[in-house]
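The same chain A turns up in both complexes below, where it pairs with chain B and then with chain C.
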Partner chain A sequence: MRKKIHAYIFTFPSIFLTLTLGVYPIFWALRYMFFDYQGFGEPRFIGLENFARVGRDTQFWQSVWNTFIYTGGKLILTLPMSLILAVILNRAIRGRQLLRSVYFLPTIFSASVMSIVFYIIFNSYNGVVNQFLIKMGFGSLDWLGAKYAMLTVILIAVWGAVGNYMLLFLAGLQNIPDDVYEAASLDGVNPAQRLWYITMPMLGPVMQMIIMLAITTSLKGYESIMVLTEGGPFGKTEVMFLYLYKLFFPLVSDSGSVQNIGYGSAVGFTSAVIVGVITLIYFKISKKLSNTY
Partner chain B sequence: MNVSRLISRTVLWAFLLLTAALMLFPIIIAVFGSFKTNLEVTTGATLLPSSWQFQNYAHAWTQANFAQFTWNSVFTSVFVTIGTLLITAMAAYAVDRVDFRGKRFYIVLQSMTLFISIGAVVLKPQFDLMVALGLQTSLWGVIIILISAHATAFFMMIGFFKGIPRDLDEAALIDGCNFYSIFWRIILPLLKPALGVTALFTFRGAWNEYILPLVFSMSRPDLQTLPVGLANLRYGFGAASENQYLLAGACISILPMLIVYILANRSFMQVNVGAVKG
Partner chain C sequence: MMKKWAKVSTIALMAISLAACSSGNANNSGGSNNSAPSNNESGTNGEAVKLNFWTMDRHDMEFMQEKVDAFNSSNTDNIEVEMTVMADNYNQALEVAFSSNQAPDIFKVYDFVTGVKKGYMTPLDDLMSDEFKAQFESVLAENVNMLDGKIYSLPNTGQYWRLIYNKDLFEQAGLTEAPKTLDEMVEAAKKITEVGKADGAYGFASNFKNGSGFTRPAWAIATLSKGEGLEGYNINKGEFDFNVYREVAEALHQMKEDGSMMPGVETLDIDPLRAQFAQGKIGMYINHSSEPAVYTDQFPTDVNWEAAVVPSIDGNPQGALWVNAGNYLAISEKTPHKEAAFKFMEYLYGTELRAEYQEEGYGISVLPYVNEAANEPELNGISGFLPTENDAIYPASPAAITESRLEGLKATDALIRYILTGGDLDATINDLNTRYNQALEAVRSDGSTTIEADPSFNANDLRGSLVVGQ
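For the complex of A and B:
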């Protein structure tokens, strides 16, 4: 009995902080999304008006679309690449530990700090990459211009993510027992067949979790984009959660925009629902796929 | 060794080494660039600086205020790490060893905070709460909010508890220990590896955090941490487009992580895998 009181005392700091700074803000937003409130004056109840506005907000839906492109591009490049690296580094090759460390290195640094470095590397006038391209005789590319900014942002995201997913795949691969492979090699299975018919199916459940993690993280990411392009040029790299951020904290460089708390809460709720629905759809589809095995 | 095998080996190693080069490229650019002059960063043809400009660091440290940013980053990260370790170790101990009412609720609550995200919306009420408490004028507001997001650390911690046998608790109980002294004298010392890995994870998160300290330092420039101060330099404090200082600043921020990584890279990698399993 006494022990239970101690348990409450020990969990109290955690519960208290989670409720006040984790749960309360969500209810705060659930309330303000029905109000017209710009951060000053008296909030005015306007019912579903904010949501009607979300429906009409072409800028928001453009940012949702951009988020899909960003997420799709990032995953298409990151997942196969990290899986390939994991499969190779799961074998006993020379320098395996060193290579793993090198591939994982980008993930330990701050995304915003590295974005500053990438800003210098991809700068269109005198960036490191363009200097190199010019010297090779290819001519320069406007990496952060309207046409290529999204590609650049995706490439940077891939750079920061591959090592992380490689490690997760490796953890999954190490759980596949060796005798499965031994049996296969006795049957004369070649490496490609081994990857497709043994490794992939046995990695199924782990893969399902990793892809889900990758999808949700990508949908929510905006830090690096905020530092690198601020969503520009012309909103080409504006993703959902960056658009949301700007509604609450207008950027220094963007003097035209104003804080809009009521509307921002409605956009936040809508964005959370979009992420939730996509996660759910993915979960249903991937479950069906893994059931067919 | 036949020919096709030789070719496949070559392709494999070319792929591995090219990938490694791409991964290291931005870091190498940052490190060597930080010792160049601005002119050499923007037009130089060589990777290595023609003459090493060590004063870039002195300039960044004093003129561009990186001494202040570094101190703020160290202060924030250290206290976030200590606070998170204490709170999650205590909570994990109670949840793993005691059957109390609301235990399931607690676990559901923690996992929900991992899955539900409404992005930057929460920053506003969090900031307002800190203003109400008068904590927005110091880094304590940032520290408390970062500690409050401890669900991942909690799940990492509780994963390690499975490895500490309950017999130890019972033996200690018979020897006259109570709930608290078992925690301090038996559990915490045995929990060292868990504390190390969780500390690494938490410290990295706090050290690299950008958005939260950005919001808090909007009206208080003296609260800028390294990522915030560096990103704000883009707008220029008379240092506009002085790339060598930006790179020196980036290196100041990268260096501590790099050193820890070189010393403890296995634990670092354990962090990420553990975080997902939890």
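For the complex of A and C:
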């Protein structure tokens, strides 16, 4: 009993903060799902109308589709790259500590600040990338224009994420006992077989968590897109959580817009369900990965 | 023993947490307390009446502080004003202050209609003398500084919209004056690009990274040319009709097609645009009267530039050029010192103070009595922005509240898509009209807006309202 009381005392501050700063705001927002509320006046109860509107809202579903493209593109590039980097930097090569730090560096920069830098690098009139392409004789591209904007935001997201996942993979790799590799080399296994038949399966449980983390982070990501394109041109890079953010906090450049708390709550709930369902499906599919050897 | 100790610790922890949560309420020195006794109005009992004045304007901070100090030392009513310049999140700070009874007595208006509906502002009608009120007669507008016929705020400075052009590039292209029609603008952009492209200079740009890339040129040109209303809202008909922007959208699209627009306009923001203009890479763009200060402090430039009245559709303007203005300060509905606050407000609207404000380049007034008294500000390029008979303040449109109920693409996004990629403009406009009017009907039916059609509105009547003797 005494132990229990101690536990309650020590966990009280964090439970209190979680409830007031984490749980309460969620319920605060969610109760408006059934109301029409712009932040002033009396909220008007409208039943399920906000959800019916979510169903009809082509803008929202377009942003969901854009989110899938963004997430897919980011994962397809990030995960293999970070795994390969981790495998290489797990070996005893010269300067590996320095290289690990260099690759990890983007993780510690603010996404917003780096996005401003990338905005300058990729701008089509005097950006470094286009200057280089012109010098090489390829002509310039409108990197943040309608045609390439999604590709550009994906590339920037990959730049920001590779180092982070590389570090997680490295941690996983270091848990694989050396004697397994030693036994394999005695059996004459080549490097490719080593990676495919030993490293990958033994990395399974770690990989399952890393992929899940990557999926949820990408589905919820919007900060760098907000700085780079604000979801434009004309909605081409609008992702789910940027769309949601704008409903609660209209951008300064969008002056004149009013808050849309009621509808925003419904969109928020729907978005959370989408992320939840995808994560569950992933867990179901990836069950095999969690087998430990 | 241990149990007792645990109980005491738990209670102590809870007490600390609760004290931390409620400490904000105990400290109400930041604003007027709603429950404070109101019998010391005007300091008659010998104690100074302390007023809190909140603003978000940082550009004029030193000037205003000087004037506030002068008021404190010179007023005979024993009123003491403390000015607070809020950093970011002014709106949120104001919300918190009002909800926790720590609201300032006098404050800069952030969102007029919302503020009045939330009961933050007090009507000024009974506080004003007829003589004082008469100075503002021509610049009062419903939903801008009035609601249901009551005045809650008064205008001060405004954003005057102009075509900003690089005279050197115009000269190189053989052009002698700013375009007066849309066709002339398209043609000028083409000529400037032909001559300047080799050096990276293009005829026209706008910041299409966000909706204001469209609204900056479109609202100015359409209000001057047709005067139907703001943001696609036709005041006479009381409904949205985006046909008002047809010619502007076509002209902007034409410039894009001609290759006369700067590459990358799709994601160009306003500051990168200004940086390029300052480097002589842009022939012309449309923006408001902040630009002289921008090219003096933020992006100092050697470019020989000037501001001219925006072109109209056919050179025969039928409306008045929209000025973004309308409200400035409000007095808190919750303050017990309304009269004292109004005395301070009256002081801030003094002719000499406002003229000095304008002359020192902090902003261009929309008040005729100030524009009559003030000399031209000492700021390069400002002369082109000074009020003319074209400029006017329009009644508010219900666009913002309508868009909160709108389903599908916003008008700015849809029209920017047309400008940059082409497509069926008729279909785009018809679709926008249908969706916006459906949403308008919804916000009208639930009382979210009371803005109705005004068949008697004529933008021509607004012309000359900001200058004396028109």
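Operating definition for what follows: the second predicted complex is superposed on the first by the 273 of 293 C-alpha atoms of A that agree within 3 Å, B and C clash if a C-alpha of one lies under 4 Å from a C-alpha of the other, contacts with A are read in each partner's own complex, and residues count from 1 in each chain.
What we mean here is this: a contact is a pair of C-beta atoms (placed from the backbone, for glycine too) under 8 Å apart; a residue touches a chain by one contact, two chains touch by 3 or more.
Only a predicted model underlies this, so the values are computations on that prediction, with no experimental measurement involved.
Chemist: Have a look at where A:L173 lands relative to chain B and chain C in the superposition and call it first, second, both or neither.
Modeler: neither
Chemist: A:A157 in the overlay: touching chain B, chain C, both, or neither? Say first, second, both or neither.
Modeler: After superposition on chain A, A:A157 lies in contact with neither partner.
Chemist: Using the touch definition from the top, say if A:R56 reaches chain B (first), chain C (second), both or neither.
Modeler: After superposing on A, A:R56 lies in contact with chain C but is clear of chain B.
Chemist: Let me test your reading of the model: by the given contact rule, A:L144 touches which partner, first (chain B), second (chain C), both or neither?
Modeler: Second partner only.
Chemist: Should A:R44 be classified as contacting the first partner (chain B), the second (chain C), both, or neither?
Modeler: Second partner only, chain C.
Chemist: Of chain B and chain C, which one contacts the greater number of residues in chain A?
Modeler: B
Chemist: By the touch definition at the top of the document, which applies to A:L75: first (chain B), second (chain C), both, or neither?
Modeler: After superposition on chain A, A:L75 lies in contact with neither partner.
Chemist: Look at A:S124 in the shared chain and tell me whether it touches chain B only, chain C only, both, or neither; answer first, second, both or neither.
Modeler: second
Chemist: Please indicate which partner A:Y8 is in contact with in the superposed arrangement: first for chain B, second for chain C, both, or neither.
Modeler: Both chain B and chain C are touched by A:Y8.
Chemist: May I ask you to decide whether A:P106 touches chain B, chain C, both, or neither, giving the answer as first, second, both or neither?
Modeler: first
Chemist: Output the chain A positions appearing in both contact lists, the one against chain B and the one against chain C.
Modeler: Correct list for chain A: 2, 6, 8, 13, 119, 125-126, 253.
Chemist: Enumerate the contact residues on chain B facing chain A in the complex.
Modeler: 12, 16, 19-20, 22-24, 26-27, 29-30, 33, 41-43, 45, 86-88, 90-91, 93-95, 97-101, 106, 109-110, 113, 116-126, 129, 144-145, 147-151, 154, 179-180, 183, 204, 207-211, 214-215, 218, 226-228, 230-231, 233-235, 243, 246-247, 249-250, 253-254, 257-258, 261, 265, 268-269, 272-273, 276-277
Chemist: Could you pull out which chain A residues touch chain B in their complex?
Modeler: 2-4, 6-8, 10-11, 13-15, 17-26, 28-29, 81, 85, 88, 99-121, 125-126, 128, 131, 135, 159, 162-164, 167-168, 170-171, 209-210, 213, 220, 222-223, 227, 241, 244-245, 248-249, 252-253, 261, 264-265, 268-269, 271-272, 275
Chemist: For the complex, which residues does chain A have touching chain C?
Modeler: On the chain A side, the touching residues are 2, 5-6, 8-9, 12-13, 16, 36, 38-41, 44, 53, 56-59, 119, 123-126, 140, 142, 144-146, 149, 228-230, 232-235, 251, 253-260, 263.
Chemist: Which residues of chain C touch chain A in the complex?
Modeler: Per the stated touch rule, the residues are 2-3, 6, 9-10, 13-14, 17, 114, 117-118, 200, 208-212, 231, 262-264, 266-269, 272, 276, 281, 399-401, 403-404, 407-409, 413-414, 416-417, 420-421, 446, 448.
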